[in-house]
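Chain IDs A, B, C and D follow the sequence of writing; residue 1 opens each chain.
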Amino acid sequence: MALTREQLAQRVAQELQDGYYVNLGIGIPTLVANYIPKEIEVMLQSENGLLGMGQFPTEDEIDADLINAGKQTVTMATGASVFDSAESFAMIRGGHVDLTVLGAFEVDVNGNIASYMIPGKLIKGMGGAMDLVAGADNIIVTMTHASKHGVSKLLSNCTLPLTGKGCIKKVLTDLAYIEIKEGKFHLVERAPGVSVDEIIKLTEGELVIPNNVPEMKL
Amino acid sequence: MAGFDKVVSTYEEAMAGLEDGMTVISGGFGLCGIAENLINEIKRKGTKELTMVSNNCGVDDFGLGVLLQDRQIKKIVASYVGENAEFERQMMNGELEVELTPQGTLAEKMRAGGAGIPAFFTATGYGTPVADGKEEREIDGRMYILEHAIKGDFAIIKAWKADRYGNLVFRKTARNFNPMAATAGKITVVEVEEIVEPGELDPDQIHTPGIYVNRLILGTFEKRIEQRTVRTAQS
Amino acid sequence: MAGFDKVVSTYEEAMAGLEDGMTVISGGFGLCGIAENLINEIKRKGTKELTMVSNNCGVDDFGLGVLLQDRQIKKIVASYVGENAEFERQMMNGELEVELTPQGTLAEKMRAGGAGIPAFFTATGYGTPVADGKEEREIDGRMYILEHAIKGDFAIIKAWKADRYGNLVFRKTARNFNPMAATAGKITVVEVEEIVEPGELDPDQIHTPGIYVNRLILGTFEKRIEQRTVRTAQS
Amino acid sequence: MALTREQLAQRVAQELQDGYYVNLGIGIPTLVANYIPKEIEVMLQSENGLLGMGQFPTEDEIDADLINAGKQTVTMATGASVFDSAESFAMIRGGHVDLTVLGAFEVDVNGNIASYMIPGKLIKGMGGAMDLVAGADNIIVTMTHASKHGVSKLLSNCTLPLTGKGCIKKVLTDLAYIEIKEGKFHLVERAPGVSVDEIIKLTEGELVIPNNVPEMKL
């Protein structure tokens, strides 16, 4: 079975380590915050200028001056700090964030990512995504493996305008956990109940299959 | 107005000198930390052909979005234009020129404009449409593109508190682009929720020194919330 | 040390991993806001062939000056080396390599190092010896030179207060180069006068967020004054 | 009579305007603070990170954490702000300071200035001087017109390593107030009791003499 959004978030959360500063993109990445293992501490960076993002506010706590990068009202965690956008992206661009999780439309075997624009159709802007992919060493892309019509999003070459070039090494889709190296996708794990053949069928870019492809543990 | 007193009493005074075709840099992220009343004054004045530099362009009926209604904006430099139907419509129809700029690059371009740094290299945008027509260079084994500073004829800023000298303190994430924008305007206009006397703000805790501020006005704010997300008290 | 607790209890731990030939970026202006005890620990360790990046190099017997006595410094990148006889002697004799760097350029190079900006243009130093061997370029009718970012293997920082997570607050002009230096170290070590629990510092008033800080130690400081200038009470 | 250091400071102070942010270099420029006209307000910027420098402290007020760019203990004026060195030079480099006053060894007819180094003899470093001369539109250089041995410091070409190129337009010496334009020195005022001939004799670079050269009013 393909992973649900919640399961994708759960699997990403397994990559978190104690003491990590983490930037979670809008959408599925945001859900990762719900699955942080109890025994570790992570601090969430929101690129509009907050390190130590807390949970959503109660009605009483709502503060128009305190939002996250998705423009949602949030709270601050203990030990949080606030700063301006230049400082926020100094942090991001300077490689100080330990893990970045973001969504994408397409990823290719060379680690290119397209996530911000569908020409003639969807032009919302890249927001902080280009800085995030350029600045982070450790990025996990979460996305569906293919479109509803079965068109693969893991390609030999991205077809949409790029968000970043050669910067993606890890992709978690609803079907598989894949690493990108030496110009190829490498299948590392498969979603529970999903066969290697299904993954092969829905992966357009070259995919290396090891002898053993374990199921994800969730 | 003697010495360093930057306070003006009307919005007309605050935006005096704004002319058709000028470049205006605006602080704010979405609807958070925007100079609501300065924007409304630009609408009232009806100044046209403006180039707006701002991370976002508000929503249809609030924030910078209100300047789209009367086609006051010729060009916008922004990182994200979602959540604004009129914006998308004008852009798609070619009525509005849009220079999509990565958020961090935009912040850095404003800072550079204020700081006398005419251009800088960044890896952000390399190999993407953002790099089109820009110089590329390898430095220490990595590829970068050259980005140039942005300056504005005006900068419109929302701060929390200020003293009469224009020393500013921001509150929570309403800070965002405001401090950089404040440095990059030839005329920097700030509206605030409270004005105190010089000496009342702790010098160590001033976010923007008054040297960057030309005019200061006390405002009242709606502070509209874009995404009202709440949890129940027990969760 | 679990989670975000950056506190270490000994100076040995604080400077563990410092090796011969490394680059160390130091905060401070003259003797103001320097990491006195971290410097003394470097002296105690006897690490050699260091490249020090700091606005000044202390005085003969205090601050970074103490590292000159045992010839621990191979090269220094600084803007001003006056008031230090041993420094001048070693420099004149060619025992010490000195890269004189304008103060603002030095601050910006540190900031750039921490901010992922590999290089930037500045008018500072154009047409002077500082421009030797550097790229020159005209931008909007003015001449600029290209300067590159600086990063350190270590950064040694003096702050006033910190919480255990490494969020820092500086006091008065002891701030100076410390915030930029803190961003530019692979390992950033901070000594402070007071450590509080997370949550005790106002998030809006933190000068350096803990993300830049790797190790934190509570110190006691001599705070020597270089130029004790006073007025009489009645004047 | 050649101006004293105090008189130089007095004459510079006449250039101050109400609401000016001013950076005063070490030495004579520092003395300008003592002659700020009562009816105007100026704010002093100290490049180590202080806007609103006050007078020297009393014994009781001395604070090792509060110094100026000359490393002297100072106080803060009402409405002062403190910031880091990057912000301080953003202010300076970005042209936000209204007036900069600094000393020099030599100035030439092309507005070049040499002030930081005498090769083989005096190598203290440029400190913030290169940023100050590059960033300011409005600079006054204060210096003695010639050395004790009568060697002019107002030259056709600076002989010492430059601090800045083509950035000086106003020079106040102990003998004269001079403006630099179109590759020439222009004599504007002379010190009380100093003759135009004396000034000509001690000025090596081309000097334009108008018909009327008023005495300075101090």
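Some notes on this structure:
Operating definition for what follows: contacts are C-beta pairs under 8 Å (C-beta built on N, C-alpha and C of every residue); 3 or more make two chains touch, one makes a residue touch a chain.
Predicted model only: the values in this text are computed from it and were never measured.
The chains in contact with subunit A as well as with subunit B are C. Centre-to-centre separation between subunit B and subunit D, using Cα means, comes to 36 Å. Measuring from the averaged C-alpha position of subunit C to that of subunit D gives a distance of 28 Å. With centres defined as mean CA coordinates, subunit C is found 32 Å away from subunit B.
Multi-chain contact residues of subunit D, defined as those touching 2 or more other chains: 76, 82-83, 89, 92-93, 134-135.
Of all residues in subunit B, those touching 2 or more other chains are 108, 111, 115-117, 122-123, 170-172, 175, 203-204, listed in ascending order.
A complete list of chain pairs in contact reads A-B, A-C, B-C, B-D, C-D. Contact residues on subunit D toward subunit C in their complex (touch as defined above): 46-50, 55-60, 62-74, 76, 82-86, 88-89, 92-93, 112, 117, 120, 123-131, 134-135, 161-166.
Taken together, the subunit B residues at the contact with subunit A in this complex read 29-33, 55, 78-83, 88, 91-92, 98, 100, 102-108, 110-111, 122-130, 143, 160, 170-180, 207, 223-233, 235. By the touch rule above, subunit B contacts subunit C in their complex via residues 108, 112, 115-123, 139-140, 142, 144, 148, 169-172, 175, 203-205.
Residues of subunit B that touch subunit D in their complex: 2-4, 111, 113-117, 163-165, 167, 183, 198-199, 203-204, 206, 209-212. Contact residues of subunit A toward subunit C in the complex are 18-19, 21, 40-41, 43, 45, 51-52, 76, 78-83, 87, 89-97, 134-135.
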